[in-house]
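First chain written, first letter: the chains are A, B and C, and each begins at residue 1.
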Amino acid sequence: MMKRYKNLLLFSGILSPLIVGSSLLCRVDLMALVRGIPRATELIIRMFPPAWGTFPDLVRPALETVQIAFVGTAIGAFVSFLIGLMAAHNIHSRRLLRQTTRTLLSAERALPDLIVVLFFVAIVGLGPFPGVMALALGSIGMLGKLFADSIEEVDPKPLESMAAIGATKVQMIRYALLPQVIPALIAHTLYRFEVNIRMSVFLGVVGAGGIGYNLVTALRLLKYQEAMAVIITILILVTLCEKLSEISRKAIIGNELLK
Amino acid sequence: MAMNHPIETKIYKRWFESYLFPSSLFMLALIGSMIQLNMSPKLFWEGIPHFFSLVSEMIPPNWEVFSKGKILWSILETLAMAFLGTLIGCTGALLCGLLGANNLTPSKLIGETVKRALAAERSVPPLIYVLLLIVVIGLGPFAGMIVIALGTTGMLGKLFAEAIENVDPKPLESLESTGATKLQIIRYALLPQVIPSFIANTLYRFDINLRFALFLGVVGGGGIGVDLQMAMSLFRYADALAITMVTLAVIWSAERISDYFRKRVIGQEVLQ
Amino acid sequence: MGLKGGSQAMLAIRNISKKLPDGRLLFKDISFEVKKGEFIGVLGESGVGKTVLLRCINGLTKPDVGEVVLNGDGEPQRINGKKGKELRAIRRKIGMIFQGSILVKRLSVLENVLLGKLGWISTARSVFYGFTDEEVSEALQSLNRVGIQSLAHRRAETLSGGEMQRVAIARTIFQKPHLLLADEPVSNLDPKNTEIVLDFLKPLTQDMAIIGVFHSPNLVAQYCTRAIGMKNGAIVYDGSPHLSEEDLRAIYGGGNFYSS
């Protein structure tokens, strides 16, 4: 019977010091939590009513946030398609290229987005451009792999039969591959768009454009009601985009199942 | 051979005729957005030489930056935030999952409420949580850790509840027929089915949380993110490169370890 | 080294051999010729290499040794060893049908037929422009020849197996090759559809030669003009499509054959 619990004991034995250590590192201060409760209540009271008057000023940054995510995702998707073609083993037979591409994709996925953003901000300065580039690059890592996998999963017979009767690779891709794989590609892209919208909100904080910046500023200036207005705007934005993406995805999949 | 109906060639003949409308709409939105965002090719051209000067300033990385120990401390802080946040989060998720699954919950009302609460948590961008939390309990990794825990509970709670709902009912029924109590059924028939995927998801979430912790630093939530941003904005690029490289190494190792455990867990499941 | 003079030998296969990936020999020194208008049925046990042989003809698989020469329009052209543009130029003169569907499921029947001519259309035109009105009407006529013109605008995946093979035949008609390779075209169809499809396949011999791989000697006897039997890596029979029990034993080994 001890044997069954041996693993558990071992586990707890390793875990406990880790927990204690992490708590210290994180400066876990339960008293701060307790003290925070009245502060939180005070904060909430001070945030209402939200500064309705600022809403018109928030439209532009909100739009910018969406546009950054939109353009970033679009660029990411286009490039990922080309990369997916390079990495899929049913498109071409150059093994070296395929493996290199896949490895590069893994490496790219391992790059945290923050580093990419900071890097681009250092190169082109503040503003939405580095934000777009960061989102595009970040998307390529994930979409590149997803696209490559989807491309490899298509029915190989139409592709082969077209090669057999003399079609070029491009024709094969256009007429046999694309019709099969486009719904999956669009679904992946829409999913990534949702992720990127959230990222885009965050990017504002680093100065890469968008509504995140408004929120940070409002809080720093202690203008809580304006901050509340920004929060509401962000919530509306994110919810809208996610709903849109969800509807689009259902429409595409529904389309598939219907026909 | 006479055709007795007109040839419907439009749909098949020229691809752009069928896709013309949606694609031009799309391109319009795309280019319009790019213009509005001031994404001109000029910026790009100017960026290229800037890129090279940046790279030359970055190399060689300045390892001196670690001498004072503060940077290392920040990295450990980041790890700790992710670790503790994931741990607390997954405990919360366990609870929420058990309460939220409709085949396990004591009352339908509780189940629904828990699920709605989780969904609501997920729909709020974490930026909002962290900024508000900082106002309430101050800057530092504590706030960051709580935000990570919150997000983890939201995601894992949902996954866990779904996993419980999708469990194979046969082992449960067969145990029930031998007279086992509800708790026993959970322990011996339900949990073994869902625990492996739960652990795998937790480990996956840990990876996400680690990267997320970087971001939180920038907003004031502690960790190495803020050091990195400061280094970059102060043009201390060699410092930044050193920090980046070590951070990447740490993240990469943490992911390898979590991958290893995930494979062990999934492997066990496959064997079962 | 010209082809046999006199009657047109459309395809000449000379001494091709192929090894399996693990080193074992699949077939060795296979040679035969095909004339226009012939409908050859290839018979043999599973795994003997019938499909590989077919694929060696249009280069989907490369033979280790030997030559494959196509001579549809008076100019003999070697197939093996060619690459890229030259290979495509020859391949567009050879049609191919597989077992199971070669169609692109999400495209319409008409679009699938149109794909037959891609070997003749430049990449740029096919990608950016599509197909001309003349090509479309010709494709519809091809569909008519197999009796399914009414299905032209249906999505390919909504068709039955037999209908899909007829679309594949229509695509071949549209392509106008000199030679058609049919790899088990009816193996997964029920008897009625098998008959329908082969009834449409046979008339194609007016314009081209057909080499088909079959599992059933009955079908070969019914539709083909010539039979080739493979066993143990060689051709053991080459002649009339009506095979005797003795011939069949040579191809398959013991057992009763005419029951299928």
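Keep in mind that, in the parts below, contacts are C-beta pairs under 8 Å (C-beta built on N, C-alpha and C of every residue); 3 or more make two chains touch, one makes a residue touch a chain.
These numbers come from a predicted model, not from an experiment.
Chains A-B form the pair with the most C-beta pairs in contact.
When every chain is reduced to the mean of its CA atoms, the largest separation from chain A belongs to C. Here the chain at the heart of the shown protein, by mean C-alpha position, is A. Chain geometry summary: the mean Cα position of chain B and that of chain C are 52 Å apart.
Between the Cα centres of chain A and chain B there is a gap of 9 Å. Chain centres here are Cα averages; for chain A and chain C they lie 48 Å apart. Multi-chain contact residues, meaning those touching two or more other chains, occur in chain C at positions 111, 127.
Within chain B, contacts with two or more other chains are made by no residue at all. By the touch criterion stated above, chain A contacts chain C in their complex at residues 155, 157-158, 160-168, 170-171, 174-176, 179-180, 259. On the side of chain B, the complex with chain A involves touching residues 29-30, 33-34, 36-39, 43, 46-47, 50-51, 54, 76-77, 79-81, 83-84, 87, 123-128, 131-132, 135-138, 140-142, 144-145, 211, 214-215, 218-219, 222, 225, 228-229, 232, 237, 240, 244, 247-248, 251-252, 255. Considering their complex, residues 58, 60, 88-98, 100-107, 111, 115-116, 118-121, 123, 126-127, 155, 157-158, 175, 177, 181 of chain C touch chain A.
Contacts from chain A toward chain B in the complex involve residues 18-19, 21-23, 25-29, 32-33, 35-36, 39-40, 43, 63-64, 67-68, 70-71, 74, 110-115, 118-119, 121-124, 127-129, 132, 198, 201-202, 205-206, 209, 212, 215-216, 219, 227, 231, 234-235, 238-239, 242.
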